[in-house]
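What follows are several structures.
Each of the two complexes below includes chain A, the first together with chain B, the second together with chain C.
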Partner chain A sequence: MKILTLLSFFTAYTLTASVNIEDSAGQFFSSGHTNNWAVLVCTSRFWFNYRHVANTLSVYRSVKRLGIPDSHIVLMLADDMACNHRNPKPATVFSHKNMELNVYGDDVEVDYRGYEVTVENFLRVLTGRLPPSTPRSKRLLSDDRSNILIYLTGHGGNGFLKFQDSEEISNVELADAFEQMWQKRRYNELLFIIDTCQGASMYERFYSPNLMALASSQVGEDSLSHQPDLAIGVHLMDRYTFYLLEFLEDIHPASKTNMNDLFKVCPKSQCVSTPGHRTDLFLRDPGSVLITDFFGSVRKIEITMETINLTDPIKQMEENSGNDVQTENNTYVDQLPVSEIIHQKPKQRDWHPPDGFILGLWTLILLVFFKTYGVKHLKHVF
Partner chain B sequence: MGAPWRTPERRRGKLAALSIAAMVILVGVPLWWKTTQTYRAWLPVAQINELAKLQLQLSADVEVVFARGTATPEQQKKVPVTQTQDEDHAVDEADLSLHRLSESPCGSLVIYVIPESSSLLPENVNVYIGQRRTALLRIGAQMKVGKTLKQLLAHLEPRVKQILQVMSFSHNDITAALSDRVRFSPDNKESIADSMRAFKSSPGYEITFSLLNPDPKSHRLHWDIEGAVQTYIQPLLTKLSPVANFSLDSQILYYAMLGVNPRYDSSRSAYILNADSLAHVINPVEARLGSNAASSNPVLNFLLYVPDAHHSPLYIHDHKKREVQTNAFHSPRWGGIMVYNVNGFYQTGTNFPVDVNINMAKVMGVFLAQLRLLLGVQSTAPPSSFQVAPCGSSGLADWELDRLMWSRSVENVATATTTITSLAQLLDQIGNIVINDNIAQQVSSAVTSLQLAVAELEVGNLGFALQYSKEAILASEKAFFDPSLLHLLYFPDDQKFAIYIPLFLPMCVPILLSLLKIVSEVRQRRREKQAKKD
Partner chain C sequence: MASYWNRNPIRVFVFLILTVFVVVRSNIPSTPGEGAEERRWEASQVGDVDPGMSVAPPHPHTNTDSFQEELVVRPLHSGDIYASFQFRTVWEADFSRGNKVSHYQLFPKSLGQVISKFSVRELHISFTQGYWRTMQWGQPFLPSPPGAELWVWFQDSVTDVDGTWKELTNVLSGIFCASLNFIDSTNTVQPSAAFKPLGVGNVTDHRFLRYATLPREIVCTENLTPWKKLLPCGSKAGLAVLLKSEKLFHSSFHSQAVHIRPICQDQRCKSTSLELRQTLNAVFDLHTSGQAKREWSLFKMFSRTLTEACPLASSSKIYIDITDNSQGEQFELSPASSLLSQAVVLGDRRTFSVYDLTDQATFGSTRSLNLLIRLKSTDGDMLRPLLHAERYVAGYGLQTGEIHTVMYNHHPYRSFPVLLLDSVPWYLRLYIHTLTVTSKGKENKPSYIHYQPSKDRLRPHLLEMLVQLPPNSATEVTVEFERALLKWTEYTPDPNHGFYVGSSVISSLVPSTVATNTSITQEQPLFSSFFPCKEELSYFVRVYTEPLLVNLPTPDFSMPYNVICLTCTVVAVGYGSLYNLLTRSFQIEEPSPGLAKRIANVIRRMRGVPPL
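Now for the complex of A and B:
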């Protein structure tokens, strides 16, 4: 009986305490983040991978609509579909058939384009090990209170993701990169979404805390594309991202939808593959995580209660700028090594042995000659 | 006829095979091992592990001075330099003159104990914290006469401790500064908000002042930002220069609207912005604010919004629907926004556009308060019997600067230690990363600076401790984020086999086979010899 009363008192106390906390400190404790970042990567090139670029651009549009500014988005597109020679409608990338929605538009800010999208650059962006000359827009300047959304799409396999048709990133490397981000406290929480074949294999090896992962298909399954457009001639979107976008269309900056709804996006009947998710490394309960915690950028606000009483009048700036400051003659560094170009001496090229093709060709010619005319004609050659 | 293996060719063949095998094993294998080794410079791993334990000892010099009438001369503990405090000064004048008595270096405090009957402090105030590093403590009534030194000190100790917690550092502050390493499980929710609000320690910050004019057709705004910054903001930044570098710029944005529509309140005949809708104000504007592309320092944005003529006056209401005095709000780790109404400066019906001169003192007062909050200067409210002097013209009291320096030093030391230890761990785990000499040198200098910083913190030299901790953090960040440390070389073992087998197998098979042949011939010879003997 005593325990019961004690228990009831305890619960009453905690309830009142939590209510007071809610009143006084507002929205601070629903999540621990103060800013949002997004890293959106499309890893495939060539015209027939149009749908991967459309995937990434659609997610980019949604994320921008929900509030994350361009300065906080790192967009990596491996190929330029809008200005591709085979695009019947140049400067557009469509995500719905019948060309309903142009996701390219005129305010797309691509940070890494074309051949700059490599595994090395991707890992450098994540871990922050960029050369000092990298501009701010190409860096992921997150801190320990940033929530980061990472979206990857392309062709993948069991344990790897293919970049640019020539290299691949393995799930071990990705897990190690996230661990390095955690060591340096470069994120508060991280949501990882991958839309490739066998995507679930990419999040198998994660071991850092506060990671939540979603994939479009399990190991052994392929992610399928949604619908082709007959005028453009290629598939426009992948199924998982298509239904993900449909889900995101209903989200607005003030909505309270949580992650459990996101896990239900694209069931097997619509997607043909089985989407998977992983939440065991995430500290909070997914039901309490809002979609806008990752996809949008809802700022925490505090009212400024104090002000400082400033009574000094503004000092007039003395006109001493002419006398004291030495006007230095600034010059530009040589942008092109013009003197080298103009006064260029012909370079001493190192002698290389003839190329294999030429060598083979000559061998063939000689062989044919001696076969036809006999070896005794060698003396004419030497 | 000799046995087949006795012929000279066979012997030559055997010698050739043996010498080739010898070359491969003695010269080839070590050469291959050496040339495929990654260059790893030496790192002071033992010292790093020692630092990882991070035993910090902070000591602050406190001087307690007894005014006349509080203690008998034998009871004086420290340097006996006192002056008579009998006159009826105002409290702040006394504070100033006391400061001139003993110029205390940064990190230390002087507490003057004044008698119960002194009229310097008002009735209900027991402690007065001055602008510089002094405090006045009123002694309790029971300590009038006849008490021993021990009792006097025992009475004073908790009071002095309380003052120290307000003016220097408290347990909560240090734990918050160590939030990188210590999983911050606070009992005080206010301190979570505090830790989330202030920017993390960084070698530099950029401050941008923006004037948003959505209605240039109606208002022609003039603001003397250069003069205002020079007069009001620059003194604070100069005072904070040991902590970080600051770079300032300003801009004016035209036709920049807020993202939310304010509600019209007819009772006050003004437009109202609720606290709930404030969260959505920042994002549409942020896309239009620029930032310096060359630096990666955190940016503090201060926006001054002048509402358009159709939506004037615009007031902000807090969560309880009360009007906010300052008409401003701020967002943690981002900056602040203030709404400045100009409809009072002109009558309706005047010819637009109207010239408006913005009162920079009022605006900068609010921005300065927000700047203090965002930099982590503000602390939790002091206990009730304390009276704190308003900060001077520079906007920052000396002891507030000390507080900031304490927490920054601890934070820097903790962050640098974490960086160095995780770098050492990473380099240990992944054998394929090349460690260049410059990285090793950065790591060594970081370790040295850390050791010096910890030593200075122990002694209490706050200025030097902060300087060393800044050097440590710079060196450790440089080492950790060096572009050459990319662990791209992840080769699973089966891939390693796939690379080496086509190179080495064709070469090794003939050698092995010939060696085996030699061995089998030797064995056969021995058997024949055995057979011959028998």
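Now for the complex of A and C:
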């Protein structure tokens, strides 16, 4: 009897253990991405929009902390708040009024700054249509196995987002840009977060698959800012991103929190506006999507059984330093050679004949002509 | 045959003209390169003086890079303090013959690839925040204008200099996280006499030189981070540990620069190596920290102390300028150092107290070095700089104005020539016929003027003049301009801030009281060996003026919205009224009777009686 109970306990234990292994193994291969990218954009200019830069930098900080390297982050800040002359603490951007957290940090790399943050540049980064001499740090080099996080903040309205007080991007343009990205296979899954007034209008028009969107307020509502700081003199952060940052500070690279927890960030009691989300275009169930799938860079390893042939080893080039040794002495150039400069002839692009040449030429022609034919033909020419 | 000529003199005439025309055209050189080559002037004569500016200690025949770092601290008369970092990496590679390099040791790979790909001979880039106050702080070791400045000498092998320049600026904007991609043909100039190469070289054809400034460029931590990553030790060891952004940007002046140039490997200068100098100058204000104590320390300036030298550095030194402190009356320095050194820098012989960080004894028992400078009295004159310049905009209104550049020569009896380089954007239309140069009330005719007019939306004005400054005088250069109206898409998002005009550059050979060292046999500190010197009695100096902020006539950008609202309202009101007038017809309508009458009417209808 005892043996039977022991045996039954043992079988039950192995069964549950095996189910756990299968679950975790299944979860290991559930998301199909191999690399992570982030595009973080702040679209507002001027000192009183300090909070938008603080929003973007706090998301940047969380994303870097969870593992996405600077080479995979495209950070666009429309104005410089840290080294602004009105900042009482230069080279810092704070998120909390007691100046606890400097979200600017010591090793920030801003890819697009100042006047470069335009609608055109933003859409070009998303779709990859950049001029050939654009450096790598300014490109979104994602492929079809990339999970991309896109975060936008600024001033917006019903169906548009304002860039730098002079132009707007509409929700139709944004949806079309995402469709272009889908057709060019530039993303595996995309998480779109927007923190502006009436933010939910920006994701209404999406129609490409594998998009999940979050917004800080519904259509007709304003997103509010959190708290001002009396020393700096402006509002430091927006409410939605403040609570989002608080939520993300608890996430570490191995945490298993999923998207349903993210949807619960900042309820109406804290945010005053109603955050919204959209998951109908997303193929997986949001409960099975980890936060670190988008905010962190957790690498998955794929094992292959195939063999790869390496190419022949690189032969070292012989150094031909013996042949062409310069025989003349090099010297430093005179920095201000006054006599050379005074006697320098001005450079001329087009060649002009020397002065008086044309006049002399005409005189010669006339002389020859009238010598040959006599003066009586004068009236035919003139 | 002769009769033909006699009969048709007109045809003969035309034939003669044509032949002459053909002959004249064939004399014009076919390629502009050939023509320019004929008129290229020779480089200056080389004397028999040793050209050796080689500062590197003699190396054995190993292909190793060398790295030196130093910090110079100079207390200024107003109580502020000037700190200048210089980091020098020398790379034993020669690009002039088109060699390909793929092995990088101490030299950063990102810059090495840029140099080899774009065939760059010399590259100078600086990012500055703030303006250097020459009259209060003296001359800097390495001057720089506010904003970003980039000038590059390309190798002779480059065929399309403009295309290469555009690609180079894009690549550098990615490396330094700055918006250098805004450098295009509208703010690039090709100086004809200024900005001679600072490295070795025999040929100087100004076709391969490009110069551009961005006065609006902001400098912040995102520019310092990649700059620090170019150092061999990064910001982990050595003097770069002190470079923390919170303190560095809380200063009156901050400038970081990268200079790449070829230098002589040894005294005979048969082969060249590539030198990378990274410099960072900062001036800290005494009153911003809020403390009342008049003292400076490494911890107060940088919020860090030093614990070790960079292990990859062959020399790591700190120099404190104690020239004005011979009896200890200006300030007190602790811990005291026994090493002293003298150097001639900027025409003046200065004495320095030297701390060698490669020597473990410098760090003492606490294993950290925190230099303390306690300021005592504020007496004494500062050595007045001999050359100084100012620039401002005069005039009123938004249509015209005048640019005044004033250059001061404070030498009591010597006059010297200066080369003034002005690059003005196309939207300020200069009237060069109003250009006047006056010194001491009289007209001063420049001995060389090069002016390239601007083309709208294509290139800026370039004005270079060689002016002789009389002793003890102020020379004023005035030119009138007119402001252009831009197209509405060309305005920046904040046009009411104004538009910047880059600083003027004034280069000159200033006579010095102390003989400068032109040939160096022993090691020289880095700060005194940047500008090469040919003569002993003068030193080369470059002064930058302030940038100008000019308001252009700005339209009211809300007007399209206003116009649409107004037009729609007018159309609605006007058309609506007209439509009503034409199509409205009036009908007489009986007023509806009250409730009692209606009930009475119902009863009456039931009875068959006509209603009320």
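What we mean here is this: the second predicted complex is superposed on the first by the 273 of 382 C-alpha atoms of A that agree within 3 Å, B and C clash if a C-alpha of one lies under 4 Å from a C-alpha of the other, contacts with A are read in each partner's own complex, and residues count from 1 in each chain.
Operating definition for what follows: a contact is a pair of C-beta atoms (placed from the backbone, for glycine too) under 8 Å apart; a residue touches a chain by one contact, two chains touch by 3 or more.
Here the structure is a predicted model, which means the values were calculated and not measured.
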Chain B versus chain C as contact partner of A:T311, first or second or both or neither: first
Touching partner for A:L130 - first (chain B), second (chain C), both, neither: first
First, second, both or neither for A:D144, with chain B first and chain C second: first
Which of chain B and chain C A:S269 touches, first, second, both or neither: neither
Partner chain in contact with A:T331 - chain B first, chain C second, else both or neither: second
Chain A residues contacted in one complex by chain B, in the other by chain C: 131, 135-137, 317
Interfacial residue positions of chain A with respect to chain C in the complex: 45-46, 80, 82-83, 89-92, 104-111, 113-116, 131, 133-138, 164-166, 317, 324-338, 340-349, 351, 353, 361, 365, 368-369, 372-373, 377, 380-381
Chain A to chain B touching residues, read off their complex: 21, 23-29, 32, 34-35, 67-71, 119-120, 123-124, 127-131, 135-137, 139, 141, 143-145, 170, 172-173, 176, 180, 183-185, 253-254, 297-317
Chain A-touching residues of chain C, taken from the complex the two chains share: 5-6, 9-10, 12-13, 16-17, 20, 24, 28-29, 32, 35-36, 39, 41-44, 46, 51, 53, 97, 100, 129, 166-167, 170-171, 173-175, 177-179, 181-182, 192-193, 196-202, 204, 216, 218-222, 225-226, 244-246, 248-250, 262, 264, 268-272, 417, 419, 447-448, 450, 466, 492-494, 507-509, 531-532, 534, 540, 557
In the complex with chain A, residue positions of chain B that touch it: 179-180, 189-190, 192-193, 196-197, 200, 224, 226-228, 230-232, 275, 278-280, 282-283, 286-287, 291-296, 298, 316, 318-319, 324-326, 328-334, 336, 338, 360-362, 364-366, 368-370, 372-373, 390-391, 393, 395, 418-419, 422, 425-426, 430, 480-483, 485-488, 490, 492
